[in-house]
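First subunit A sits with subunit B, and in the next complex the same chain sits with subunit C.
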Partner chain A sequence: MTSLTVKEALSRLRDGRLNPQELCKQCLRRARKLTHLNIFITQTEEAAHKHAEASAYRLSKGNNTAHPLEGIPVAFKDNFCTRGIRTTCASHMLSNYRPPYSATMVQRMQNSGAVLVGKANMDEFAMGSGSIDSIAGPVKNPWTLLFQNTRQRSIANRQSACCRQNAPKDAASTSEELVVGRRGMHTAATEDIQLESASHRLAFVDDSDWLVTGGSSGGSAAAVASGAALVAFGSDTGGSTRNPASYCGVVGFKPTYGLLSRHGLIPLVNSMDVPGILTKTVEDSAIVLNTVAGHDVYDSTTVTDPFHPVQLDDKFSLDGIHIGIPKEYHAPGTSPDVLEAWRRAADLLEAGGAKVTEVSLPHTQHSITCYHVLCCCEVASNMARYDGIEFGHRAKVGESTEELYAATRHEGFNEVVRGRILAGNFFLLRKNYERFFLKAQQVRRLISDDFRHVFASGVDMLLTPTTLSDAPTHSWFTEHDNRTRSEQQDVFTQPVNMAGIPAITVPAALSPRGLPIGLQFIGQNFDEQKLLSVAHWFELNRDFLPLSLDFLDNPRRPQCEPLDQPL
Partner chain B sequence: MLRYRLLGQVYGYFSIRQLSSKVPNKPTWTPVDSSKLPQVKEISRELVDHLERLSLVEFSNEEGLKRLNDAIQSANQLYIVNTDGVEPLDTVLEDRSLYLRKDEVTEGNCKEEILSNASITEEDFFVAPPGNIPLKKTDKEYKGKLK
Partner chain C sequence: MAAVRKGPVVCKFCERLHRSYPQAHLLQRRLISDTASSSEWKSVVGLEIHAQIATSSKLFSGAATKFGEPINSQVSPFDAALPGTLPVLNKECVKAGILTALALGCTVNRMSKFDRKHYFYADLPAGYQITQQRQPLAHSGHVDYVHYRSMKGQTDTAETRSCRLIQLQLEQDSGKSLHDAEDQQSLIDLNRAGVGLMELVTQPDLTDGEDAASFVKELQLILRTIGTCDGKMQEGSLRVDANISVHKPGEPFGVRTEVKNINSFRNVSKAIDFEIQRQVKILESGGSVENETRSFDAETNETVPMRDKEKLLDYRFMPEPNLPPLYVYNNESVPPGADTDRIVVLEKVREGLRELPGEKRQRIQEQYSIPLRSASLLVSEEGLLEVFEELVKDGAHDMKSVLRVLLHDYLGVLRKHDYTVAQCPIKMDAIGDVCDLVAAQEIIPASVYKMMCELAEKPELSVKEIVDRDNLRLIQDRKLIEQVIFEVLESEPKVLKKLRKANSKGNGLVLKPLLGPVQQRLDQRGNHVIITEIAQEILKKML
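Presenting the complex of A and B:
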């Protein structure tokens, strides 16, 4: 039941085949079974039951139109303020913070009948790309379960094992085979695959190793992938929604800057932050977007233009659509699996009637450096509000205000946050301001202009990879520090934030290891209609099976059988 | 054996694919010649004290200092981008005027809610220790080697 899409669930809820309380209970039960994945920082079970009950009552009254998401369980990343519910940003600094108001996104979802089931885990203050730097501990990718599950099963049933992989890196694990079940055989190119360049990412060091979700909205992506919620909100500053969506095999949508309100979303980089939507399908993203988009008096950076709801059509034709393949998005380190998925998708779209051409965004390779300078600068400014006096953690120091501030911030922030504040203040020093901050803002314009030029030349949208590879293992990810990993992980996602344009990642294929690979469509400002239409076309024509953990509800059932109904 | 398998895959790949993909076969980035980049100046004791005072957080250890060094080194790569005559981009909404609502009170009477998140309050006030006292200079181990 928790593998339902929003669209299916809405239809069942409305005709009475499903009731909100049952759906809510199932999601909460799924989350409880998966507590070891660390998806949530706070679960809001009690409130969820109450809201589901209210939903059920309203549905019984038969007034559907006022509440377009009646009874749909939703998770919010823990950097969205929720009235009376602890909002921590995964930081010790806010571990006791209960906002006196709700973020506009939260409010609009609740007004539309959605049921809040929990606050999702993340990297502290959304700084990271692995969801491993959190006071609540790291988030584990639900696809890890597939391997653990399949591995156990394979011992009993060898003949179903059709793909074998060695783990060459670690002597202790060479004897241990990782066996991918039928689901993993879904991609086309699968014989006995031994891709050395990529396999190290899946060489589990031991049983305590697992796959990362990506980040920083890892908990939100894991919640949707595992069925602990049907929708989740993340935030997207440099790819924080799209990166984990790609690793967890779900749709991750970053709308145009200015379309969704940031009121109550605890800021990281004000000039780039947008709320992100995570769902199982593009259609679901459109449904949620239509519910929450539009001007908000509490956020002056939301545009006042009227919002036209996105309408998706299963018969949408690619005729006349021009899709650009930016050649700079073949970055060094892109894995062969991702390239293969990218090529296949480009060919699929071309065969479907779109015009596909190579285009150039010449400043792409400098984007990540530029992003990091701007990010640190805005972080240094944004984090100044945390002083321990009005809210948040307060150190037990009373000598002077300055000493209190310093001690509070030292205790409250992790070293990643502290490092970015220090670097930001370095770039902003009077003697460095021009050389680093203004320079980065100039490069930002060049990157933004690259997109403008390519769209002005008649290209409707771009198709690129979302991440360099499929989900890496925790042991591989932690070989380098947060800064290094962020510079690698956000390479395809942050240019979009620099320009403010919308982008959506759609699961495109399973890698030979049976893990999802996402591809990113990049659209033009406020043209969500076209972007989502093409993404939806792609979703209907791609070759991908989403994760289903429904076997958890009934352990006696065969554990790798296909979904009850295709999504 | 492995080579044979890979070859088999390559042939299989060409026979399956009928269209010529527009995705480039090789990475397209231009390698950056690091010798042409500005060198990171040695981080001085004075700079460390200054940044810590501005940031009100500490570097904590030598790793923290290295982190700053790496961040500067990485940022130096922007040096090779030609930005002559390019206007800095502050916000992507620069071509619009931002919405300002009327300067009217729309909500209020939330004193208790606002105060409820403070660790220490007295009557209706937030409480702070004495101000205008400069931060004490600290002599931590990681600063020992700095000039």
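Presenting the complex of A and C:
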């Protein structure tokens, strides 16, 4: 039941085959079974039961058009404010903070009948790409369970580890040689690949090792992947929704900046933050987007133009669609599996009727450095409010106000947050402002212009990898610090945030290890319709099976047995 | 402000009627006489003025802005800087800012932007103030104000001066810290946090304390006229920071100091003049002025350095990312299809402009041929000009008498009771009757103020009743007056002696020694003009 998509669940809820309380109970049960994965910081069981009961009542009355997501269990990343419910940002600073108001996204989801099941784990204040820097402990990727379930220490052998890999579809395999030979798009770039990629660490180092979810919205991605929620909200500043979606084998959608309200989303970088939607399918993302999009008086950066709901059509044709493959996205460290999936996807789209060509985004290479400066500056500013006076953690020293601030902030923030605050304040000093902040803003404009130029040249959207590899192991990920990993991990996702344009990652294939690989479609401002249509087409024609953990509900059932296919 | 309410006081030095404080003159005199060489120094003053915008809700939130409400009762989540809250610009504040800019002759910027100014202080919840550092709402502009120049031994002259403005920006007010020294506690009241402010920055066009105070008064009057700020300095809705330096003529400006948060006209004048003197003293003794921020201690009348002056403050300005640029349109530039509820159009705002104090002064000076000083006084009290114009309409009452009664006695009553014109219960007819009595010289001049006071307390009484009851009519009987004059001359040889002596110098006829004793015998009720006439006749014959 927890493997249902939103669309399926809605249909069953409406015709009475399923009731909201039962669905809610199943999700909560799944979450309870997986507490060791640290998916949630707070499970909101009580609120969930109450919402589900209200949903059931409304459904029994039969008026379900006013509540497009009636009875759908949803999880929110713990940086969305929930009225009266603890909202921590995975930080000691807010470990006991209960906001007096709900974020607009939370409010709109609840208004539409959705059932809040929990507040998902994350990197502290969304700073990270592994979801391992949290006061609630690191989030573990639910795909880890597949291997632990079969008592396999090694995840190198896909045959024994994962029996769910389908044979490649004919369409993809036949077009393979043909297209590669013609475009030859990967040959030059693959030479740059560093040997030290995540996929080369083929084994867990010991029994306690596991796969990371990516981040910073790792809890949200894990919640959807594991079936603990049918929808989850993350936030996306440099890829924080798309990165974990890719590692967890779910759809991660970052809409255009200004389409979704940030009111009540505790900010990382105001000028780039966007609420992200995580679902099992592109169709589900569209359903959720249609429910929550549109102007919000509490967020002056939301557009006032009326929102036109996205309509997806299973018969959508790629004829006339021009897809660009940015040559600069063959980043060092990209695993051959990812490149392979990327190539296959390009071929698939071309075979489906789209025009696929190589394009150039020359300034992309500077994006991460530029992002680092802008992010630290806004972090330094946004974090200034955490002084222990009005809310949040307050240190127990009281000699002077300055001491109180220093102790509160030292105790409340982890090293990653403090490091970014320090750097940001340095960049913003009067003597440094022009050299760092202003320069970074200028580079941001160039990066943004790159996208504009490509789209102006007739390209409808771009296809790129989402991550460098499939999900890395914790042991590999922690070989480097948060900053290094963030800079590596955000390389494909981050430039999009500079330009504010929409992007969606769709699981494209399973790696030889049996782990999901996501690919990213990048669209044009406010053209979610086209972006999601193509992503939906791709989803229908790709070769991928999502994770199902239904075996947890019936331990005696062999996990290799064919499972309910959600699609 | 207490002094302002005490009633008109005639300054001992300039013999001018002061609405506010004669102390200014005392101070200025001291300034001139104390430091013999101070005339060699030129002082330069520029002001930064924070005017709270008189809107019912705050600049970026829907919380109310009333003064004196229970502590922390007007605080929205945004005002407390709760995580995740975002600023939403209050359109009424923008309109008030633009209206003010227009009234001050500023150029309104087509596009302005908001910045964050960072500093840690307990009553600044976000750790930054949202302001308009780089691209303010408006720039340039000027204020023409009336300045009274008083020189020793001369009657003072009123003159119009002008002070240029650099810019007008919108920004947030901070909260208030209440320090409890006994319990070693600081308490924070956020009612004021986030209230909209207009910050006005002037050019260093002002010269001293009184000049600056005159400027601020005019600004207050303008803001009250257009209704964008209530101008109550004692409630903190109008606050002044002064930048002060001194230099020798022909040399560049000296190092300046800033005196922060001055909260009354009196203190504006005192703080600036103290600071000028302090700097002159330092420079004359060979020292150098330190560029620092000081505050004014109203108890000691001194400026003192502020506590953390040694810290180098770097505000780490950054653009506010949550607010789009603020566009102000004019009729031509309104984008087609724009939602007029969401945008601000210059011409629409301009319709809210009213006749400004300077325009009023100029108009009535010309229309009624009255001096600048009278015009200035009439304009300075809200509603007073309307009373004046009503009384002199179609020549109903003698204008000079109306001016005398309104500017001396009526204003005095307003001050005594802290009334506005609208609140004052004296009926228009009664004022008219008093003016007529004054014009006809039928009433004892000294009793006018007393009578007005009584009318304010018992507006049901008629002027005639009071005059008859208290026997306030002047003695006009020429025979009686003549008789009294003879009595004095006959019974008081001293007076005659004085008269002879005074009139022996050939400086024309001197009556002064005679008038006092005559009025004394008439119980101070003799008509001065008639006494003078008759005395002249008699003395001409006698001497």
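Basically, the second predicted complex is superposed on the first by the 515 of 567 C-alpha atoms of A that agree within 3 Å, B and C clash if a C-alpha of one lies under 4 Å from a C-alpha of the other, contacts with A are read in each partner's own complex, and residues count from 1 in each chain.
What we mean here is this: a contact is a pair of C-beta atoms (placed from the backbone, for glycine too) under 8 Å apart; a residue touches a chain by one contact, two chains touch by 3 or more.
Note that the structure is predicted; figures quoted are calculated from it, not measured.
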Touched partner set for A:Leu422, first subunit B, second subunit C, both or neither: first
First, second, both or neither for A:His308, with subunit B first and subunit C second: neither
More subunit A residues in contact [subunit B versus subunit C]: B
Which superposed partner A:Cys81 touches (first subunit B, second subunit C, both, neither): second
Partner chain in contact with A:Lys50 - subunit B first, subunit C second, else both or neither: neither
First (subunit B), second (subunit C), both or neither touched by A:Ser300: both
Touching partner for A:His36 - first (subunit B), second (subunit C), both, neither: neither
Subunit B versus subunit C as contact partner of A:Pro332, first or second or both or neither: first
Partner chain in contact with A:Tyr257 - subunit B first, subunit C second, else both or neither: first
Residues of subunit A that lie at the interface with subunit B and also at the interface with subunit C: 97, 100, 271, 297, 300-301, 304, 380, 387, 389-391, 398, 401-402, 405, 425, 429
Touch list for subunit B against partner subunit A, complex: 2, 5, 8-9, 12-13, 16-19, 21-30, 47, 50-52, 54-60, 63-64, 67-68, 70-72, 74-75, 77-79, 81, 83, 86-93, 96, 98-101, 110, 113-114, 116-120, 126-131, 133-136
Subunit A residues within the subunit B interface of the complex: 96-98, 100, 188-189, 191-192, 194, 257-258, 271, 295, 297, 300-304, 325, 327-328, 330-334, 339, 342-343, 346-347, 350-351, 356-358, 363, 365-366, 369-370, 372-373, 376, 380, 387-394, 397-406, 409-410, 413, 415, 418-419, 421-423, 425-427, 429, 436, 438-446, 448, 481, 483-484, 487, 498-500
Partner subunit A, residues of subunit C touching it in the complex: 77, 80-89, 116, 118, 120, 122, 125-128, 184, 186, 188, 190, 314-318, 321-324, 339, 342
Touching residues (chain side subunit A, partner subunit C) in the complex: 79-81, 87, 89, 94, 97, 99-101, 103, 262-267, 269-271, 297-301, 304, 377-378, 380-381, 383-385, 387, 389-391, 398, 401-402, 405, 425, 428-430, 433, 437
